[in-house]
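Sending over a structure as structure tokens; questions will come in a sec.
Chain lettering (A, B, C, D, E and F) follows the sequence in which the chains are written, and residue indices restart at 1 in each chain.
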Amino acid sequence: MPKIALFPGSFDPITIGHVDIVRRAAPLFDSIVIGLGSNSQKSSLFTVEQRLEWIREEFSDLKSVRVEEYQGLTVNFCKQIGASYIIRGLRSAPDFEYEKNIAQFNKAMEGVDTLFFMTEPALSPISSTIVRDIIRNQGDPSAFVPDSIKRYFKK
Amino acid sequence: MPKIALFPGSFDPITIGHVDIVRRAAPLFDSIVIGLGSNSQKSSLFTVEQRLEWIREEFSDLKSVRVEEYQGLTVNFCKQIGASYIIRGLRSAPDFEYEKNIAQFNKAMEGVDTLFFMTEPALSPISSTIVRDIIRNQGDPSAFVPDSIKRYFKK
Amino acid sequence: MPKIALFPGSFDPITIGHVDIVRRAAPLFDSIVIGLGSNSQKSSLFTVEQRLEWIREEFSDLKSVRVEEYQGLTVNFCKQIGASYIIRGLRSAPDFEYEKNIAQFNKAMEGVDTLFFMTEPALSPISSTIVRDIIRNQGDPSAFVPDSIKRYFKK
Amino acid sequence: MPKIALFPGSFDPITIGHVDIVRRAAPLFDSIVIGLGSNSQKSSLFTVEQRLEWIREEFSDLKSVRVEEYQGLTVNFCKQIGASYIIRGLRSAPDFEYEKNIAQFNKAMEGVDTLFFMTEPALSPISSTIVRDIIRNQGDPSAFVPDSIKRYFKK
Amino acid sequence: MPKIALFPGSFDPITIGHVDIVRRAAPLFDSIVIGLGSNSQKSSLFTVEQRLEWIREEFSDLKSVRVEEYQGLTVNFCKQIGASYIIRGLRSAPDFEYEKNIAQFNKAMEGVDTLFFMTEPALSPISSTIVRDIIRNQGDPSAFVPDSIKRYFKK
Amino acid sequence: MPKIALFPGSFDPITIGHVDIVRRAAPLFDSIVIGLGSNSQKSSLFTVEQRLEWIREEFSDLKSVRVEEYQGLTVNFCKQIGASYIIRGLRSAPDFEYEKNIAQFNKAMEGVDTLFFMTEPALSPISSTIVRDIIRNQGDPSAFVPDSIKRYFKK
């Protein structure tokens, strides 16, 4: 049975923090699906298409990584794609408390276990929220986003 | 290259919380070494030999899991046994803060990454410290320890 | 003077975590009022009537427990019903930080003291938010809600 | 059945923070036992006799409060004195994490439930540790200790 | 080069907690600018004009303190007014986690460093959120706000 | 009146994390005293003389910074050297909780206020404890200590 993991998020947009977690997890799995959860109730800065494209471009060198959009409960999407594991990064204690409940819920509901990686110290202040704030205020986000997005903002 | 992981601790004694983490991690690795760190400065309730025996007995059904004693820096022991990953359980936010620094240090020093699993909710109050307190006060630790130790205390 | 306590919340819907706290607190008080705070600014998944009915049904065996809707500051509702104590459950450190400020405020304003109970380990991942997420996504919430709600969803 | 609660601690020495918790809890119980846990492994600044005397003096006005020394597991002492509840104050998130595990353990082992009170904001920096530091360095602890101890240090 | 610091916030309304931080920071700087960040996306209880007036009135005795409205990234406003430091109060661990990321971001982007003061224990439960809740429910906020606002509510 | 600040610690040994805080604080004060608290109850890896020498060497370029040994309460040493401020770095939430109580105590006792700086993200896993662990196990601490100590270990 192939080892498949899901890396879920809204990736609005993907940051170098996200990229680092996926690349560290890649050697452990036969396949990693980056799941872009699109929630109709939550407004986003970038379109789903744009977010998917940036992710696809960033991981074009890694055959075992692909990106897919999903809706509804994350644990249901895991079942659909055959993922037995979820991958998450942890930056801080509040991250931990939030993730703990979700991980315990996913395990209790469907037996899907979650693997956590500690964010690199230098990447820990980075979040999509901060990147969106910079972009909304005409700042330069290039220190926090991967090359695919850097190119977009330099155009 | 085989995927080898270290699960380090002092296991004085091993609890059902530890056992759960190892069994959840086992499918991800070719080999898991439970590393019993014996620190001459820290006094223990049980001898190293006793602690090793309980662990060996508990995992006799899992071919990919073995136990070894080590001294010195955990990251050095990883290099010695060829482990690219460390496995740890997380119970609480203070656990998280403590583990974060160590994980970041191990990655910075030798490139050894740490994978974290969230403790099962029902197991989160369990720790070796509490088990030792019960035993020191002639209480019954059987709700918190694996069968190998239960048998020992029923003798 | 009878000992009266308030257990406030929005109960959208009530979970087995809430039920456990009320049942543990019941022996300490002559009367417990479950106060359903209905806030016109916050949208809810279930109507106030439905939420009240589920709570009433769940505690029909406990004469000292009743449910009432209220609006405005919780501490004002305490004065209105003669409650000298508020009851709350604590699941996690973020819960603690949030509750600490409110408890200190209620004591400073009106001398109403708050009693906290620790959530049972197995119930700590449960919240109304997670239950609503399951229901919105056509999942089965029956592991997290009391019998009165289970029956409703099996109809 | 009388409602009996235990307020355990080492009280080396008792502070105005401890006193506040006992006085707030008193109206809820028929009897409160302040349990001075004397642990032979832990060295203390004041003798058990001195610590007991200060507590006795402080609560001489409250008939329902008495002090007793105990050894071994707190939960065993509860059974011995017929206490169904333990009382504790919470000052901070680390306090919370520490107390959570102990409370869950006591409930799982013997069904003894713990009630938590939030420390008054102005009392939250106070601890026996800080009082001992002041005394060891010939400072004046009178802002942090009850009258019985103030009198002792003014002699 | 004069030492200029920014104290940013939305001050909806300013509380005695905010006032305490500014007065403690004043001796360290040649000039402190209280920056009222007005965010068009976030609705406020009081108008920008009213909030500015209360702040101006409160600090009329301190020549080195003035108030200004700003929009956009806080770090950009620092550059505009020549501030090399940001001042913030810390009440709790969640405050700390939130502020840490922002402070690290501001330092990485523009070299603006942040100085933190611990909130006085007695002021730690106070926040603009709680003050707004009281006012919305026709309560009396006078224990939590400075004289300029007290006078307004007594009119 | 000159603005004098104390940066207290045991510095066993000083790390690049400590050095960063002192250099960031230096522009705000006329004089900074690095106070090496030598506590006879606590054993240290390096002698007081060695620790003082490394600090002196590291800050030989900064005229306003000097190092002194002290014993007893930190707040008493502040009075002795005329310091109105204490400087501390904050790495994590547990740091915060620990420092909060001490800062509030120092302010309540002698009116000495504490200024906190957030540790740089890349420096946050560094502590004297980790450096001592490396040295005790014959590892290379040079990534975590200033030049004065690096030279010592290369000799």
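Going forward, a residue touches a chain if its C-beta (ideal position, glycine included) is under 8 Å from a C-beta of that chain, and two chains touch if they have at least 3 such contacts.
These numbers come from a predicted model, not from an experiment.
**Q** What is the minimum number of touch steps required to go from subunit A to subunit F?
**A** Step count on the best path from subunit A to subunit F: 1.
**Q** Chains in contact with subunit B and with subunit C: which ones?
**A** Of all the chains present, those in contact with both subunit B and subunit C are A, D.
**Q** When subunit A touches subunit B, do the two copies use mostly the same residue numbers, with over half shared, or different ones?
**A** same
**Q** Count the C-beta contact pairs for D-F and for E-F, then tell me which is higher.
**A** Most contacts of the two pairs: E-F.
**Q** Taking the mean of the C-alpha atoms as each chain's centre, how many Å separate subunit A from subunit C?
**A** Each chain's C-alpha centroid was found; their separation is 34 Å.
**Q** How many angstrom lie between the centres of subunit B and subunit E, each centre taken as the mean Cα position?
**A** Distance between chain centres, rounded to whole Å: 47 Å.
**Q** In whole angstrom, how far does the Cα centroid of subunit C sit from the Cα centroid of subunit D?
**A** 30
**Q** Counting only residues that touch at least 2 other chains, which ones in subunit B make the list?
**A** Correct list: 92-94, 97, 100, 104, 121, 124-125.
**Q** Can you name every pair of chains that touch?
**A** Between chains, contact exists in these pairs: A-B, A-C, A-E, A-F, B-C, B-D, B-F, C-D, C-E, D-E, D-F, E-F.
**Q** Tell me, which parts of subunit F touch subunit E in their complex?
**A** For this pair, the touching residues of subunit F are 3, 24, 27-28, 85, 90, 93, 96-97, 99-100, 103-104, 107, 113-118, 120-121.
**Q** Which residues of subunit D touch subunit F in their complex?
**A** For subunit D paired with subunit F, touching residues are 92-94, 124-125, 127, 130, 133-134, 137-139, 143.
**Q** Residues of subunit E touching subunit A in their complex?
**A** Against subunit A, subunit E makes touches at 72-73, 76, 93-94, 97, 100-101, 104-105, 108-109.
**Q** Can you name the residues of subunit C that touch subunit B in the complex?
**A** Touching subunit B: residues 92-93, 121-125 of subunit C.
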